[in-house]
Structures are given as C-alpha cells and as structure tokens.
C-alpha cells in the first residue's frame, strides 16, 4: 500500500466514515465529555493515545497469539489489553507529570468504557488490515473521534446560552445537534470508496 | 417503597440508562433501525447485564482495589463472549445483522457502570434484577426508537422478524403505511439521533407535567429569568 | 481448550503484573480537595447545612457523606461551582432546604442587653464586641448573618435586620423588555 | 522493590485465577457451539450461491464445488482472485457461479454473483454488496425490486454486444429514470462475466476447474 | 426601567430581512423568464408553509406570534430553501424541507438568533439525503425543453403529480450540469466533450448561468447596503476559484474550470445569501474569512469527489459546526489588549 | 502645526442637537429656596458631615470632610442654616435616597474667607491636599477625586496633560460654552495641573463641531506663557472618552485594566481645569458648575448652578413647551440615566438635565432577538464583541462574559444605538457587571470571614490549652473542656435551628 492509500485511510476514518458520526461508536464520551471545550480536548488527546496504541497491540495479539483458532477469545483479550494500557498510562502519567495528569489523566479511566476503543480493533480484524493499516486506522479513528468531540463541545458551549424550549434542553438538543452534525458529515459520502 | 420495585422503576424510568444516564448509547443509536434488531440487541444486553451483575456480586468480596475493575471487565467480557457464541449458533441471521455490536456490549459503559455502582455493593438477587431491569430499560428505548425509525423510514413494523424467528415469521411484518415512499433519513445515523432526541424530550415533557401536577396550585414561584426575553 | 486457558492465563498474568507493579511504582497521594471545597463555601458558619460550620461540611462533601446542595447561603451559584469542581451534575436545593434569605446582620437591642457574653461566645467570626456586664454591639461589617447568636441570648434582645439597599450596594436588575411573554 | 514485586505478584495471581476460569468456561462454550456456528455459516453461503441457479438443476453440495479464479480484468477482481462454484448434476458440471465486481457503481464497487449454465445462458444474478444511493440506485437488490431478473436467460448469443447496454444508451436493458449509472455498471459487469465464461468455457466446466488456476 | 442609550439608530431587523428578500427578486425574475413560472408556485408554497410552522412553533413556545412572524426571517428561510431545491418538486417535498428548517433547525434551538445551523440548508440536506430522486429532477430550461409548464400546469404537477397529456417528466426535467458533469466524467468523457452537451451554456448551465449572475447582482446590492460584509463571499468565491483553477490548469480535460464552478449550482446563492446568514456564520473579521474559505474548499471537494452533486449545503453545515471554535479562536484583541508601544 | 491624528475603532454619529442650547450665554441660576447637598458626589468614600442641623454656614465653608483616601470634601454652596442631615432622593439610576445636608439659604450669599494660593511656591503634596479640601472632583462624568489623578506617584512626571473638550454626547454644551467664555481660566487651571504632573506638554482636544470653542481656546492659548496645543478632532461619538481621545491624539492605547498614566497621559475635563483655577487662584471650592438644560424645554440654555439646587428649579427656569414631558435624563442621551424624582439635586456629576418628550425620545421598540449581525462589534470603540457579551450576560454565564472582556466595556451605548434588534445591550452589561461585582464582593467577604473564624478557633484553642494547663497544675484532674465548648456550640445551633423552624412556619 502506497502513501496515497494511507492518506485515504486517514481521510476515510477522520471524515468520511467518522467513527462517531457515521459509525456511531464512542457515543457515551461523545455526549458525556462534551459539555466543556477544555475537557473535550483532554478526552480527545487521551483517547487518541490509547486507541492508537491499543489498535497496534491488538493487531499483534490477534495475529501472533490468537490466530483463527482462538478467534473467539478476541473480544476478551482485546479488552484485557486495552484495560492494561489504560491503567498503566493512567498511573504512569499521574506519577510522571501531575500537570499532564490534570489535563488527561482524569479521562483515562473513562476510556475503557468507550466502545470505539474496542470497536476499532474489531473493525481492523474485520477489514483484514495489516499492522501499519491497523495503526493508521486506530489513529485516524481516534482523530476523527477527537474532531467530532471538540466541535461538538464548541457547539454545546454556545447552546448553553440559547433560549430553547425547556424540554429540549440538555441531552435532547445534544442528540438533535449530533444528528445534524451527522447529516452534515454525510456530505463527505463517496469521497473515499468503501 | 419495596426495594425491588424501586430497582425496576429505576431501570425503566428514573435512572433509565439511555434517557437519563446517557450511557450505552452506541448500540441504542446504531441498532435501532427496526424493532427486530432493537429487540435482539436489547435482550442480549439485558442478559449480559443480569449475568455480569450476578458474577460481580458473587466475587465482589474477593478482589483487591487495583484489580477490581479488570476483574469486572473480565467477567463482563466472558459473559459477552458466551452470548456472542450462543447467538451465532442459534439465531445466526440476527447475529449477522447485529454484527460488531454484540462484542461491543463489553465496552457498553452501562454494563460496567452497573457492576460498579450496584453489583459491587449488593447481593446476588437484587444485583441480577438491577442488571436485567437496566437492560430492559435499554431495550425499551431501543424498541421505541426502532419502531419510530422503522415506521418513519419504511412504513413497516417488525420487518426482518424472520431473521430472529425463522421463515415462519415472514408474513408477520406489518405494512402500516402501504405504498410509503420511504423517509431514508430516519434509517440513517441522523435519524437515530433525531429519534432519541425526541424520545428524551418526550420524557422530559412527561416528567415536567408530572411535577407541575404535583406542585401546589397556589405556588407563585418566580418565573425564571431566562424565559423573560422574547 | 488448553490453548485457550494458556492464552488467557498469559494475559491475566501480564495484566496483573502491570497493574500491581504500576500501582506501587507510580503511587501518588491525592490532591487535598477539602481546601478547594471550603474555598467555595460562603464561610457564614451558620450550620444550616447540618454541619458545625463550613469546613466540616466541606469535609463531608469531600468524603461523599453529604450532597452538594445543602448550603443555602451559598445559593445556586455555590452549588454550580461545587458541581463543576467535583465533576458532578448540578442539583437544585431539595424541597427541605431552608429558603434563601436576604442578607441580614444581627442587631442587639442596647436597652435590653444584660452583657452576659453568651452571644459573644457563639459568634463564629468574632463580630460582637463587648465585655462581661457591659452592653454588646455587633460590628455590621464583620457579621455574616449566621444567626448563631440569637438562640443563646437569655433576654432575646438580638434581631436580624436585612441589609438595606443603598446607593452603594444597589445592583442593576435583569433587563425586561416590553415584549415579555412569560412561559405558562 | 520488594513491595513492588509482591504487589505485582498478588495482582497477577488474582487475575490469573479469573482468567483461567474464564478461559476454561469460554473454551467449553466454544466446544459446544462450534459445530453449529460452522454449519450456520456454510448454510448461509450455500443459500446465496444457490439463488443464482435454477433449483433442481443440480444435485451436488455447492461448497464442495468451490474453487478460486485468478485475477482477470473481466471479473474486476483483485490480485487474490475470486471464488467460483460449480454446480453438477450426477457429477457433470452444468453451471458455474462466479463472483464478479462492477467497479464503476455510483457509490463504489458492486459485488455480484453471476450464475451461468453450460449453454452460456444466465441462470441468475444477485448483488452481494453495493453502496449505491439508498432509494435511488439500490433497486438492483432483489429486496428492493425485481430488476435484477432482467438478466435471466440472457446470453452472448441472444443479445448482441450493443444490446448489452441500458436502453438509454441504445441497449436492451431497462433502468429507472434518474439512476442510470448503477444499471450501466451492473450490465457491463455481467456482460464481462459472460465473456469471461465464454473465454474459459473449457476450464470452468472441467471436472477439476480449480487445478488450472 | 429604560437604560441608556435613549437614541436608537435607524436600522430595523424586519427591514434587513426585507432587503434580503428584495435582493433575491432579480434572480427570481430571471428564473421565471428562463425556466417558467413553476418557481413562483414553490416560493408561495414554501412561504405559506414556513409562516404556518413558524406561527405554530411560536405559539407552542408561548411567544408573541405576530412579533415573531413580522421579523421576516421565516420568509427568508423559505425563499432560500425554495430556490435551492428543484422548482418542480412535489408539494410534500417542499413542506418536509420547510418543516425541518423552521421547526427542527430553528425553533428547537430557541428560534431566531439561537439556532446554530443554517435552517434552509438543514432542510435541503434532509431532502437530498432522503429523497434523491425528486431532488434531482430539475426543470429544464425553456430553450431546451421546447415546451414548458405554464402556471396552471405547474400547480397541477406540484400538487397533483399530474402532467399535461403531451408532456413527460423526462421532457420537462433534466439533470443539472453539475450532475451531468460528474456522471459523464465517470464514463471517461473529457470536460470539453461534456461541455458541448445540451444543458451547458457559455460558462455555466443553460439559463442557470444568468440566474447566477442575478444572484451576484443581488449580492452586490446587499454588500453595498452593508447588510452583509465582504469577507465571507470573497473568501468563499476566492477559495473555490483557486482550488478549481489549480486542478484545471493541471488537466483541463478532467477538471471543471473555475468559471464553471462559480457559475454552476448554488455557488452565487451560497456565497452571498446562505453562507452570510449572520446567525449561523462566524462573526469576527478573520473568522469570516476562514469560514468562507473553508466553505469554498468544501464545495469544491464535495463537487469533485463526493456523492452529492452540489456541496454548498454540506459545506455550509459543516462549517456551521466549526463556528463556535472559529469565533473563539479569532477573537480580535479589544482596545487596550494589544500591548502598548513603549 | 498640524498634528497627525489617529482613529479609534467604531463610534457612531447620532444627531448632535448642540445648536439648541449653544446659542445662549451661560446664565447664573438663582439661589433656590432649599439646597440639598449629598455627601456622596464623587467616586469613592462619601464625605463625613462636620455640621449639625441648626448650624449656620457660610458660602464655601466645609460641611463634610473627605473620608479615607479616595474622597474629597463637600462645601456649603451659599450661606444659610443647616436644617437637616437626612436621606433625600439623589441623582442615581437606582432612584434611591442618600445622606444629604439640607441648607436653608439666607439669601445673603456670604463667602467665608477665600485665600488664593501661591501655587508656584508650594510643594505639590500640599497643593494636592488643598484640592482635596476644595472638593475638586472630575467634571467629565466619573467625578474621580482630581487630587489623586494629579499625583504622578512613583513616576517622576506625566509627560502629557490632555484637556478633554470633546463633549461628544449629543445635546450637551456645557463644556462648549465654558471654553467659549472662560478659556483663560481653563488654561490657568491647566498650568497648575501641569506643574503638579510635571507635564511637558498640554494638549486640548475639541470635537470639530465646536469651531467657536476651538477659536476661543486658540486665542487664549496664544496668550499663554507655556505652549498649549489646541487640536480639533473629528466629530465621532465617543471621542470624548478618555481612552478614545488618547488614541486619537497620541495613537496610544491605554492597557486594559490600566490607567491613562500608563501611557504617560493625564486626562482632565476642561471644567475640572477651570475648577482647579478657581480653587487655587481664587480660593473658591467646588460649589457650582455649568449645567446644560435642554431637550423638551422652551429655552434650552446653560446655567451656572449651585450644587444642591433641585433639578426641578432648573427645569422651571427653562420653561415648558407645548409637548408633554415624558421624563428627565441626567447626562446625555447616550450615557445618561433616568431621574425618577426631579427634586433630586444638581451634583458635581450633573453636566446636563435633558427633558424628554415622546417625539424627541420615542420609547424603545420591543427588543427582538440578536441575529449576530455584528453591527455592534463594528461600532464598539472598546473593540469588543458586544453580541457575545450579550449572549453570555443574558444567559448569566458571567465567567464567559468576563473572559470576553466585559469589564473593558465603557458603557458608551454605541452598540445599543446601532442594534437593528433594539436590544438594550448596555443594560445587560450593567446587570452582568453588578452581579459579578456582587459575587466578587461576597467572595472577599467569605475569605475575610474564614480568616476571622480560623483565628477565633486558634484563639479558643490557645485559651483552652492555657486553661487545661492551669487546671492540671491545680488539681491534676482532667476535665473535658473541649467537649463542653463543643456541646455549647451544638446547643446554640440546635436552638438556632428550632428558632428557624418556628419562624418559617
């Protein structure tokens, strides 16, 4: 696969098949951690780190440890590996840099229950990606996640001041906003052939 | 109130995972294109939650603080894998449709949240019930959303039921609106968000009416400032 | 079967060692959150929260023993700040919470005061001046309006007077435009 | 240092216990469900392939007749080749089903299964995967419309090369107004598949077609 | 209590909206002249629908209905939506679009001024995604169709799905040049060859190029009257022209020319009337430039690579998403925040 | 010499309505039957009254002393008797009452002794004290004590003294007339200011819609011994704002949160300069000022008015028109405020009494929603984003409003003026500012209370230990005094709560 192919994977995962708005993964942090821009940025950064790493590691596990024989252990071994990475990163960051921990650390525990983190490695297997592709797919997917999250947080901060009907305030309007965002992202449809 | 009733009410209404806690949203949003899928995934989730809660409740006194979460996750992942294989074996067509979202029940945050919040502090029976009712809460929203999206999108209900129940069920499909041109948006991702947004708004509305009815009619609470600007 | 158990065992050992190792290797103490909570509380020391003063309430919040919506003097703004600090949802005052009062200060009726010093001992911020057998007075600027001095007074000579609106503490009101339509 | 080691060992031991139990349980469930799952998957594939064939025209297990075709531009397949299945009546090949890809659909590639009888007639075409615009270009799926039956019985001999086009371009194939791109792509792909079968008639209908690839 | 200032300027919100409507009139006139009167029917239908939905929404929200209708914003939304979908669209299509524009995109967010997405474009996007078939049946220019729908026929068609006996849908409708270009490019025709096909005019589509010119004229009027500022239109047109020019210069047979991009589809309408919607656009001067330029880029990307024929609506909606961030990142420093020269 | 002028961002051109009142010379208003002199006429601490009801006072006699640092004295405007010291309606947007010294004039208008000061031979600090005791506060609107502003402080000097003759508000002409008629006095005051500041340069900035004033000032300047540059600046509201004037004249921007002195400029209203001249060269404290009475009156005119004169007296002087009066504004139409009670007195800040009628000042149309058209941002001289400030103030997201520099807003009203939706933007900003200030105040109070509480706890602890030590010494027995104290507080609280419950029932 050439540079162009890699680029297409990136564009595809970030924009066209955005993990949040097109693939509908990682919804909980998308709605939960998007009330403030600052936290959204932190969550995005933390997720990007873990997801890229987890994507690569999962590939190695799947390829060298499980094979087709033990494929049924995929889910459980992926999640164990990811939990390990998250936990280690959390404790390490906390110990190594309190500043960084304040920025990223508090989001790390939330990452294990972000289904994008497991979804992307599983999609990697489904799409028969090689190691580099898996890494890129993980990175692109999480950048796409961060992008959607940060944009969404910006919108929600602005919506705080809006004079909207009471019953729509909060989660409801967040859903509808996400819906229109997802509609807008459909504009990228067809740019990268699936 | 009877604690079991409380647990049931929490799961279905007061602490409904999808409408109130906004957890475990991915399957709800992704799999609600029709009632059949919704029901399938909802019940799978409920089963996983019931058994995970049971498992966690059993071992809750035998974990150390730093291994607690990993152990819970292990239990959940095992349950999910079992359900995964079982569905693959016995409702294969449905399994194919639900696809990646069955293994993703592992990371469905509501599952982990309930093991943490409830099962790790309660005994076996209440824990199982809590898990199951939370799952039913999810199922409820899933089915309502599935019905709305299916109806608006294709004008049918229960399409694809044969996937779950075999060819016998093929003519159970209800064509509510014959010759409906189809409203594609409803079945696409934006439709999922719009639909759930409306359901949550409806829930808010019901809650609000409830509260308004409960309030004494003489109350003269000042109107919120934010509603004062036209 | 064996392969599966082996793989799983390997993963378990790996994960466990990482966890155990890093838990000890990278151990750090928690941030003192009590200070931050206490900084938000209004320091009226009035005990309306059900705790003997603001700091005990802060400690209770930090340990999870108390909700964030128990301090009437702090108002909803205070709850918002606590919610933000602790990363929890805003929670309005419960129906049982005391209604917010206009800011008041204590006034001692100088003719009735017998100089027993009981109020002086109760005041958490030393806002009452006086000595035994002498008439006492409240320093308006120091009084937080906590009302703790009222109950101990044996001759009931202390009353709370709302702080009057003056040119210096007057505030602009929320603009109301002629088009107002109030929600029903 | 010692504390670290002890802590690590304790956690590892604990988790070891759980993983071993978990692994054993999962392996057991796997053992129980494995065969059913395998059968399910085979059945599903068998059913799909069978759809492009005239029922009752063959009596072999289609999966037994599966073989691989090498890369060929006419099939639109990639370097890894594509699959094909031979249908036999009493051991004699009577039809083949091949995977073909239409590269120029509106929304990307369209994957097809094309069934061709020994006489060179089409016994059926099915769409396996497509990304056409829902509601517009997706009428090529049997679930949406019966359009795909336009190919039944067609062959290179009963339809000329110019006939292998949509009516708008002067051919013989119907299309839905406003969505010409998709049928154009499908018609072309099926035409190519027929040409491929014609060119490789001998091999495809030999008793061991897979050996030649 | 009234607070100072006690003297107010002479611009009024309804007047601004009225002027926007006024600026659209030349294009409507040209459209009627070149494509027949169907557009008048769809404008009227959209306006009626928009005002009705607006009134209902205002009433449900307990706001002054008359005051809300008088601001004129619902009419602007209705007209812009009607002008961006085919004029011969069936009645229900227009109404579904208007519903999503006025009720979902505007009033769920709190009505005028509170919405974050361009209402008309939300309506358009919902329609193109859900009903691509009627959304791609555009009225053919009179000069090509030879025959046309008069007002009566248009009403019958739009409301009753009924055509006069001697006419077919194929005859009165055609794909837009943008659509034709993309499908023909897929068949490996060159741009030059495609441009000679019927439906292409001197620099855009037959007829529609003059409509685009009329939009340009209306837009210049808005600029001159300071209803809109120059940043967004200029940046949008500039970046679209720049992107298309670069690729066109590399290979004129595979890429459409900048001139074509500017004259075709919704470029002019988008640049002057839609991207400039003050409520949903960026507000700072630098932010407006960035916002417009990104929309231009997105339009080009979607036209050249995407699945939808025109990218204006998606470009605008995608940038609406980014507006809060753009605004906060491009805040100009206030007086006294610039660091004083020593 | 033509000075190179700069521009400030934004600004508006409301109709200036100056000619109504600028055609007539300054008249001396008669002494009213009663004078009401508030003790808070300046920014800062109110002055402390030093007379009693019943006291006889002479014109120019101190009746309230400056209290604290930011304060100036208050004087009797004429001779007479103090009849009361009580709360009276004052000119304030709240319409509240404030402490005022009420004087019954005796009609003789007898001065106390007036002693001119030989300022050139006086140390600056004594000179500044004199200005404080003379009650000199800025007449440009902020009424900040002038003696403080005249202190270069740690800086050796303030290089530029800028006299503000901008008078950019529509309708007001008091500075215009003052410059036309008393240009020499203004420049003599400026000389004193220059001495105090150590300024190298004096510039007078005057909007070019006042050619007579510019001419008069130029004539006076040419007679001055020290160089004075009189500069005509383009007419554009609010060029009279100190920050805008500094930008126009020097091209420099006063840093946010800073003062003019940070860019080496001291800005004073021309009236302030004249008051300094009267105080130092004639020994006359600030007891009167020029007030424009205009709008819906028969004879719009400027009057020299004794401070404390009820505004209704001035309105009566100006006479009625056929049109009914719909209200009164103190100050101009852009920055002034409604006076609900016209019996409120003229104070140092009163530059104008503007009588409203419905045709001159139509009531604002209903506000509509903000459409983010940014006309306000284009008009804002503080280069803010008023639409964002509005968005956050309206929804009470004050942190955000502060982050968008709410406190850099000078409340000039340009944004509201141009807003097509007629939103009372400035009102929202004032509301937000006063809420934020109140919160900050409360925070300060909380910190203070915490300190006092902690020091009390520490003291009790210490007492306790001492007593325990004493007790231990005496008997060796151990009593739990701490518990006793705890239970005392506990009991107090119980009773307090019981009380509360009772009172809420």
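Letters A, B, C, D, E and F name the chains as they come in the text, with residue numbers starting at 1 for each one.
In the analysis below, contacts are C-beta pairs under 8 Å (C-beta built on N, C-alpha and C of every residue); 3 or more make two chains touch, one makes a residue touch a chain.
Because the structure is predicted, anything quoted here is derived from the model rather than measured.
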If I average the C-alpha coordinates per chain and also across every protein chain shown, which chain's average lies closest to the global one? A
Farthest chain from subunit F, comparing Cα centres? D
Contact counts by the stated rule: is the higher one at A-D or A-E? A-E
In angstrom, rounded to a whole number, how far apart do the mean CA points of subunit B and subunit C lie? 38
Expressed in whole Å, how far the mean CA point of subunit A lies from that of subunit F is 56
Mind checking the centre-to-centre distance between subunit B and subunit D? Centres are C-alpha means, answer in whole Å. 35
Multi-partner residues in subunit D (2 or more other chains touched) are 7, 10-11, 14-15, 18-19, 22-23, 26, 30, 106-107, 135
Residues touching two or more other chains, restricted to subunit B: which are they? 66-67, 70, 74, 77-78, 81, 85, 184-185, 188, 190, 194, 225-227, 229-230
Please output the residue numbers of subunit C that touch at least 2 other chains, ranges allowed. 4, 7-8, 11-12, 15-16, 18-20, 23, 25, 172-175, 177, 179, 181-183
Per the touch rule, the subunit E residues reaching subunit F in their complex are 1-9, 11-13, 15-16, 67, 71, 73, 111-114, 229, 278-279, 281, 283-284, 327, 331-341
Hey, which residues of subunit D end up touching subunit C in the complex? 3-4, 7-20, 22-24, 26-28, 30-31
Can you tell me which positions in subunit B touch subunit A when the two form their complex? 19, 22-26, 28-30, 69-70, 73-74, 77-78, 80-81, 84-85, 100, 103-104, 106-109, 112-113, 185, 188-194, 196-198, 200-202, 204-205, 208, 226-227, 229
List the residues on subunit C that touch subunit A in their complex, please. 3-4, 7-8, 10-12, 14-15, 18-19, 22-23, 25-28, 87, 183
Residues of subunit E touching subunit B in the complex: 63-64, 67, 104, 126, 129-131
